[in-house]
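Shown next, in structure tokens, is the structure this report addresses.
Read from first to last, the chains carry the letters A, B, C and D; within each, the first residue is number 1.
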Amino acid sequence: MCANLSGWYLQGRLTVNSAYNTSWYFGPNALALARKNMTYVSIRQEAHSANIAIVEAGLVVLTWGNASVADRQHGVIAIKPSGVSYSDLSPETMVIVSIETGEVVEGEHHPSSDTPTHLELYRAFPDVGAVVHTHSRYAVAFAQAKKPIQCQGTTHADNFRYDIPVTRSMTESEVSADYEAATGRVIAETFRERQLDPGEVPGVLVANHGPFAWGEDAQKAVENAIVLEEVSRMDLYTLTIKPDSGPAPQYLIDKHYLRKHGSGAYYGQTR
Amino acid sequence: MCANLSGWYLQGRLTVNSAYNTSWYFGPNALALARKNMTYVSIRQEAHSANIAIVEAGLVVLTWGNASVADRQHGVIAIKPSGVSYSDLSPETMVIVSIETGEVVEGEHHPSSDTPTHLELYRAFPDVGAVVHTHSRYAVAFAQAKKPIQCQGTTHADNFRYDIPVTRSMTESEVSADYEAATGRVIAETFRERQLDPGEVPGVLVANHGPFAWGEDAQKAVENAIVLEEVSRMDLYTLTIKPDSGPAPQYLIDKHYLRKHGSGAYYGQTR
Amino acid sequence: MCANLSGWYLQGRLTVNSAYNTSWYFGPNALALARKNMTYVSIRQEAHSANIAIVEAGLVVLTWGNASVADRQHGVIAIKPSGVSYSDLSPETMVIVSIETGEVVEGEHHPSSDTPTHLELYRAFPDVGAVVHTHSRYAVAFAQAKKPIQCQGTTHADNFRYDIPVTRSMTESEVSADYEAATGRVIAETFRERQLDPGEVPGVLVANHGPFAWGEDAQKAVENAIVLEEVSRMDLYTLTIKPDSGPAPQYLIDKHYLRKHGSGAYYGQTR
Amino acid sequence: MCANLSGWYLQGRLTVNSAYNTSWYFGPNALALARKNMTYVSIRQEAHSANIAIVEAGLVVLTWGNASVADRQHGVIAIKPSGVSYSDLSPETMVIVSIETGEVVEGEHHPSSDTPTHLELYRAFPDVGAVVHTHSRYAVAFAQAKKPIQCQGTTHADNFRYDIPVTRSMTESEVSADYEAATGRVIAETFRERQLDPGEVPGVLVANHGPFAWGEDAQKAVENAIVLEEVSRMDLYTLTIKPDSGPAPQYLIDKHYLRKHGSGAYYGQTR
């Protein structure tokens, strides 16, 4: 299958949908999980689906990406194991970690080395149900240039109400002490200090590193990661055509954002 | 299947052709439509084919695109339902809307939220038989830079006789009052004020939004949407090589345009 | 199948190889040709293979490309019919045209509207056995910028010994009189006036139009068209990194060119 | 299959993995090799897998790439034959060459014309177990611009601890005397004079030519070749967004590099 970004929009979309086809999953995997007395079946399946979906979206190079899904009721997340090839992933290989303590609750593997970053985001943003981290190339370029992804049009406005910010550079002590947790704290600091709502801006660029995106559930977090990469790409092209190109009028941005979000939304089949 | 732009030119072309293979369609779909007492079979099929074709062309991200086809005799269009995944589309899910009143004449879904834009185009441009809207990334970049797609060569000239214009920015009152209809009116205004023939320039960029393309029928509208994206891409590359690159000589542009259009055309198998 | 350029390098290569698998072709096609009393079987098959190969290489948008192959002994070429979808092509649909008179010798279709350009090249360059024309996007960008593709490295040097030139702009009278033939004449003029050997520089950019490439046979002409596009792409990236980047040393270029060409060649399995 | 870079990250990864599935290989190939009394089975298989993997990674245009694998115990390498289409490669077609003398020890074909370059690298870098050379387009662009690939972020830092250097231009006498061996010597000189550890910077750009990458084994060398191309691409985009963009803080780079390398590594499943 072709996993380049445009291919994904067709292929990956189907993948995400089918990944949520419970019958397909609930069969073999549930048995496998049962055999191993594993629980948290649902978030294991959603985390696995999300990790596969970001690969098929072309957002992931080698093993440079990870997705997690939260079970807020039980205070745990399911997250990708560290450095395992995507072809070897399954719901059983997902690792269950406590949001509060960071300890592994269930699972045979080490969790992603980025787990402390995910945990800090779940702690700081109580409405977030899933987190996606990739090194998607256009978003990484903006992170390396330490330049926010400016909201230049309605494509951006449909999912992100404002510019997508870049964190400050982390200090040497933050990096040496507890790097991954500090990464999550500097993201939370970015939103707190700029008074941004993580629901209205469901993603961020970590300086000299790359993007994190999130959402109320796995499918929304994956979608936001795709949109973040796509608008990065469009923004780069816009800057190539017109280096001093400015943002779209805020009233146009708000119109598009509010067509899809909140009580006045009139996009889609639900009214 | 690989739906990246270059892939499409091979794959998508075949798809468009086979989509117009009536026997393939007329079978199951006609039955399904008959079972539901649905009419406007032909434009339902063409609108469905066009919506699938723009996805396979790699012009569509997630659900950011929609195509409609007109039945001028009955004064209606068939258009994509709003926010429905392309994998769930079929001729039956297309929505039939009155060009004059904008009311849903037949269909179980809400029509695309961009329907009022399509309707304004059908009202303003009487020879248009199909309309395509996408967020294809190179065209969006020019729309965000608010820079017309300059006619720099014969690739552009084969389908578009002049530069592809950008609309003026819409006012806050236009956006707040009836945004989607106003988008169509500002496109019509652009062509009226610049005295452009929508037959000679079958596409436009809406400022800070993206491209609309059209044609006498669905296949031509899809082709024009592909060409619009392709020449946007070539134009961006040309500007990268030579930022002050100018247009091609108009006599060369006219020559290529008229090889394919009008009474003197001598391209293809018909003479 | 995925026809993007990188995909092609794997896929297309196999395709070209298999296209030259005579047993595969000689079977059904020879029968079909025999039934229609068609001759020039070999060049019909090679021209068909070349036209399919440039599509699978991702060099062709819609129907914007054509390839021809010469039978010098009989003074004819086989060329793609005009405006026919690639999915409808076969060796039988190729059109046989006289190099000297330009008249159709055998075939049911109109030849490509660019046939007079191909014929001028066969007349001006007696060692050329096949010609390929595309609108491949990176090469078109240089043609639109009217900037030669500078030989900046060994990738270029392996197939093209010097910069790939751009023709002068054609005059209004050339365009209005016999445009396609004049296009071929201005290419020949470019090589004559700059004293370039079409064997050492097997391609050119026509100002505000696009690339033509050629070779001793169909497979070599297709390869040169691919290399022309690839080095255009590398050159554009090089200019993005370093706008004033200069050429590679000529002694390095000559070394690479002569590793593969002439009596001193030592690349490949033949010595 | 789709071999574009993003596709590769999923497809190619699986390919590399499966290529190392000994049972799959050891069966037929071992028999074929036995029939021909061939030895060095393991490095023949690994070299074949690596040559296929770089094609599926989209790193290779036409036949512009080659990989070799060393058997240090016996002082030989297995390397791709010269100018043979990737579709015709098999473990049997790999050529066994002596590292010390450069003579063909076993094999029916001429070895890659770049063999002397590979040999110089094995001689200069005793810990290198495999070498990969491609003309991957983003890396070639930096080689043509003679600009190092700057370490601007954690993506680069995970595999390369410092900037990826460009060699000096080779002299006319180096090129005329023994070009390919001199290419290897100028790479070794680059690392020696800049006191770079080829283990910490497992790749280089040869001025006006392209990239070479290496690693302790075939899979690692292929991975480094992919990362080299990917960070070239990200670096080009970063320079497009911010032409004067600087490097990431060295303490961040070291942190990421040391998460994956050395005694303190804590990435992956091994601790």
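Just so we're on the same page, a contact is a pair of C-beta atoms (placed from the backbone, for glycine too) under 8 Å apart; a residue touches a chain by one contact, two chains touch by 3 or more.
Computed from a predicted model, the values in this text were never measured in an experiment.
One rotation lays the C-alpha atoms of subunit C on subunit D, and its angle is 90 degrees to the nearest 5.
Shared residue numbers account for under half of those found at the interface formed by subunit B and subunit C, and the copies are therefore classed as meeting with different residues. For this pair, subunit B with subunit C, the centres built from the Cα atoms lie 32 Å apart.
Once the centre of each chain is set as its mean CA position, subunit B and subunit D turn out to be 45 Å apart. Counting partner chains per residue, subunit C shows two or more touched chains at residues 2, 4, 7, 240.
The residues of subunit C lying in touch with subunit B in their complex are 1-5, 7, 55-56, 58, 60-62, 64, 81-87, 109-110, 113, 135, 137-138, 140-147, 169-170, 172, 175-176, 179, 208-210, 236, 239-240. Residue ranges on subunit A touching subunit B, taken from their complex, read 2, 4, 6-7, 9-11, 13-14, 17, 152-155, 158, 223, 226-227, 230, 233-235, 237-238, 240-242, 245, 248-249, 251-252, 255, 259, 266-269, 271.
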